[in-house]
Amino acid sequence: MTIRFALLGAGRIGQVHAKAVASNPQAILIAVADAFEEAATALVAEFGGELRSIETIAASDDIDAVLICTPTNTHADLIEKFSRAGKAVFCEKPIDLDMGRVKACLEVVDNTNATLMVGFNRRFDPHFIALKDAITAGKIGEIEMINIISRDPGAPPPEYIKVSGGIFKDMSIHDFDMARFLLDEEIETVMASASVLVDPEIGALGDYDSASIILTTASGKHCAISNSRRATYGYDQRIEVHGALGLVSAENQRPVSIELANADGYTRPPLHDFFMTRYIAAYGAEINAFIGSLVSGSAASPSGQDGLASLLIAEAALKSVKEGRAIKLADLS
Amino acid sequence: MTIRFALLGAGRIGQVHAKAVASNPQAILIAVADAFEEAATALVAEFGGELRSIETIAASDDIDAVLICTPTNTHADLIEKFSRAGKAVFCEKPIDLDMGRVKACLEVVDNTNATLMVGFNRRFDPHFIALKDAITAGKIGEIEMINIISRDPGAPPPEYIKVSGGIFKDMSIHDFDMARFLLDEEIETVMASASVLVDPEIGALGDYDSASIILTTASGKHCAISNSRRATYGYDQRIEVHGALGLVSAENQRPVSIELANADGYTRPPLHDFFMTRYIAAYGAEINAFIGSLVSGSAASPSGQDGLASLLIAEAALKSVKEGRAIKLADLS
Amino acid sequence: MTIRFALLGAGRIGQVHAKAVASNPQAILIAVADAFEEAATALVAEFGGELRSIETIAASDDIDAVLICTPTNTHADLIEKFSRAGKAVFCEKPIDLDMGRVKACLEVVDNTNATLMVGFNRRFDPHFIALKDAITAGKIGEIEMINIISRDPGAPPPEYIKVSGGIFKDMSIHDFDMARFLLDEEIETVMASASVLVDPEIGALGDYDSASIILTTASGKHCAISNSRRATYGYDQRIEVHGALGLVSAENQRPVSIELANADGYTRPPLHDFFMTRYIAAYGAEINAFIGSLVSGSAASPSGQDGLASLLIAEAALKSVKEGRAIKLADLS
Amino acid sequence: MTIRFALLGAGRIGQVHAKAVASNPQAILIAVADAFEEAATALVAEFGGELRSIETIAASDDIDAVLICTPTNTHADLIEKFSRAGKAVFCEKPIDLDMGRVKACLEVVDNTNATLMVGFNRRFDPHFIALKDAITAGKIGEIEMINIISRDPGAPPPEYIKVSGGIFKDMSIHDFDMARFLLDEEIETVMASASVLVDPEIGALGDYDSASIILTTASGKHCAISNSRRATYGYDQRIEVHGALGLVSAENQRPVSIELANADGYTRPPLHDFFMTRYIAAYGAEINAFIGSLVSGSAASPSGQDGLASLLIAEAALKSVKEGRAIKLADLS
């Protein structure tokens, strides 16, 4: 069985996914759509397939699944269109920045019985999977507290900030999903504090660049998240999970593992400086998992509901900052 | 110049301080008081001095300074008594569990122009000092976020919990002081979430055993603290400080630095399992600093006001848990 | 320009190289030869090309280069055949186990002006390259001493030991090449001690399974190598280079970077347990380097002379063990 | 029972030992001898006792044991004198630089039934003891290979080199003793290579500053030692022991355990830069062990024979360098 793919959006992340499809013996890239034809042509030359318009793809009988890698503001519309067209859909996060729009979109997915997987790639990182496996195997007993430190090497440009949905929906949302993935229990309340410490322009746009967040579950488990739009030493991505029997942690990844010792001390090189380099294995594994779920008929995960759940936490975090109080998710949704 | 000391309380911590006094060429142990005479006798046999009652010590001309290592509920009375008696006072934290009592006590200290140093020993840990030095030297630029993970190897017995003042005043208070020490800016608001995950009996006593806390300063700096009364792998004491130019962190201390590699992986021994072993160097340095300030006439630090400030944060943390909102310290004091 | 490849030998390492050729936009796999047709067919199905006999390949006009991945005892003959046929040759190490045979073969390479690259893959490991780069950049000043620890997870079966050429020619030879690569100075003398500690059957076959070797250059630089056919914790591959200004080291690679802490201590998973997993990046980079040298017309490296030089050291090491003395390479060749 | 001590030599190491005696409740410092009276007076002021001449001490009834911390060339004479005087003797290594002199001295010790302990302090380092304990507990199975890296921060002055006995007797001897301590099997053969890479003046004095050594036991176990008189990053002292079931290693000690991360990478401070700082705990434990053996009547260890055995290895190492061959210890003694 071979899953026949169309790719919507031939940009940076589209190329990564095209490569994953081309490398998977159970998948083939049939069509690519991008308003910017040159990008689509180059991608086709490298990974196969042909150029088609989005409309043509939706009407194509030889397409089983689509990968939505277009700008965020097109996601919900495209999910609905291809759900209705009977295609399995993989969509980069977020579905939409507006909760109402996401809910409406997921209703269409539901009604059309479509398959939808949302691109929370970090769930597929081999190190975080090993972390999850250790938890599942009972190595740390019942989870008590999770600590996530997640910092970008540098702040994105103002143009991006403007359409990003803000730090919680754009950046922290990955950590919210990771917290949900690891906790196996839904978040009940959210407390957050946020500041502008990195770039005043981010503040001028009404956003924050530094945030501390505490998520609490009904049973009293905590997850503390530290986010910053700046880290001079690279892309800082650490998770540790404390439980009744022990602690399991995932360390940062480094491009090379050498160390130099001299009169100044012992120095190792900085971390990866780009999320696509850091998570390169995760991106590949994510698409393989999508293909695997289509081949086997098992549920695609993370689902649209997972996307919605983390978006809700992001809304709560912002509300907590604005109102200076703990927000119960039940009061929001 | 030799500072002549009296020690009040010949228990565990009293012995540690007596050793520090005995080892310091600028100090001498003159007198020891303890209701439990056997303990005092043993201590005197090892570190010198003679047994005297508290009243006698207060009236003794040959005593310059006292070390208060008695139970918490006697601290404020003894500070007042010895301030009035013209002795320099070192007192183990906390001054008292009640804010009002602390304020009244500090007023006496003020009015008598007494010297008072409070035993926040971690400020004297060589690793945390190196951390502070790196910050002061500008190595990480302006501080943005601090993360403190502070977990005890195991929960104290219920008898202790009952008189402890609760997790925030008993345990987190060390981390609050460390946050203040490192930030060089006062805390403005406190958010906290707390749970009973380790021992239901702690919950039955109205206390918590697991807590996540976010402290925020006026300029928007954050300090996130993770506390637990349990850590199977030892006494977990880590601090990292993130700034505009970089990150500086202090790792856990280990009794021995060996590693065993076999088919199960690479294993290092657990951490210290006791705070007195972990902070043995800090206790010594703390008393040396007190002696140094008396000899040189410089201000003893941390001061009674430092003790008060962290107690206020502890009160705010508890109030935040109870009311589910961020507490402004200005509204409390 | 596209380099047209034939692959000789469709086994484990042949597949790895075929993948590298298929992934390189400047190369194409045209033909595959393997006595075991099924293997060749499977490989062609995945990476392209067609089945041809070795004779046909040698006579083919549409082949620029061959990758020799056949058993060791065929290497020298094949290198000669394809050198004479005007093909560029990449050959897995060793060229041959017999010094005389290697010299004769290299003479043919020389006389036919053929391009020959020998598969010392570790030179292409990104971590060891970073090590080399640090040295070249002058970070440690003049090299003084190198320490290489190189241990296999487990001993190969007796059938392999019999045809392996012995521990020095089979295993240590990689470390000898690494020493030469890093030192940038030829080895002058070799001292070695070897034992049978892992498997008596290895001793019964006249070989050793544990060895310590000291290589010395004319200027007095040392390289100490520790080899073992056993390491319960995985494939142990560490190098450190000590120089006048400092020390640079390359640590082991781990499949996942998680750590579990509990009452037994802090445990990280074992190392990679297989050389092909550990050096997967190196294998790809090696073939890319070969392709790059063919495209650019630069000299392929490591060369046949590099292969010969390390074989000579291996002979000297064995002689040193047998005779209990330092062997000068000049006396051997 | 209190052991009454005399200290011969009030220099750097004498002060360290005096402190250990003064801190041990089972010992007391009675007398101190030093040709340089000022040093002896200062020491007595700090740690107690009175000034006496060596002759007086030898004749004193109130002295049970002596600590010999005088220059090397006086050691053998003093050991003999105090053995005959019926005192227990602790002597800093080496007993003498000349094998014959050491043997003669040990004969006197034997004939007088004296107690003699030699100051191989590293056996008392808590980290190396943990290493030894892991081995004894069977954690790594049968030992196969030991790797010791032992580098001084900087070369001593020429005046010291002249009387040092050379790198093997002065520096490597500690590693030879450690190899013997860990192996629990005598060394059979020694191979060594040595160079002058650090300081030509050391070469001019007929000594070496860089050495690689392979020790082999009768059963084929190896110990490889790397020595250098230079290490820009501090006092480098690492040991790893490889066995049939695993590997156990002791890492370097650091004065502070902080790490700074910035655009240049992750940097930890250099190591201790002085052997007395690095081994401060070992020095104390060593004297405590000596006192413990006197109190309990158990044999003092390491013994004079241990001192002799390592000196023999040092002689063999030098001979191996000079003659370019493996030296059997049996042929030497």
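Here the chain labels run A, B, C and D in written order, and each chain numbers its own residues starting at 1.
Just so we're on the same page, contacts are C-beta pairs under 8 Å (C-beta built on N, C-alpha and C of every residue); 3 or more make two chains touch, one makes a residue touch a chain.
All figures in this text were calculated on a predicted structure; none of them were measured in a lab.
Q: Check every other chain and keep only those touching both subunit B and subunit C; list them.
A: A, D
Q: Does A-C or A-B have the larger number of C-beta pairs in contact?
A: A-B
Q: Taking each chain's centre as the mean of its Cα atoms, which chain lies farthest from subunit A?
A: Farthest by centroid: D.
Q: Averaging only over C-alpha atoms, locate the centres of subunit A and subunit D and give their separation in whole Å.
A: 58
Q: Let me have the rounded angstrom distance from the C-alpha centre of subunit A over to the C-alpha centre of subunit B, please.
A: Here subunit A and subunit B have centroids separated by 42 Å.
Q: List, in ascending order, every residue of subunit B touching at least 2 other chains.
A: As it turns out, subunit B has residues touching two or more other chains at 232-233, 245-247, 261-263, 269.
Q: In their shared complex, at which residues does subunit C touch subunit D?
A: Its residues touching subunit D are 142, 144-145, 147, 149, 151, 189, 191-193, 195-198, 210-212, 214, 216, 220-222, 224, 226, 228, 230-233, 236, 242, 244-247, 324-326.
Q: Per the contact definition, I'd like the list of subunit C residues that touch subunit B in the complex.
A: 232-233, 261-270
Q: Touching subunit C in the complex: which residues of subunit A?
A: 126-127, 130-131, 134, 139-140, 245-253, 255-263, 269
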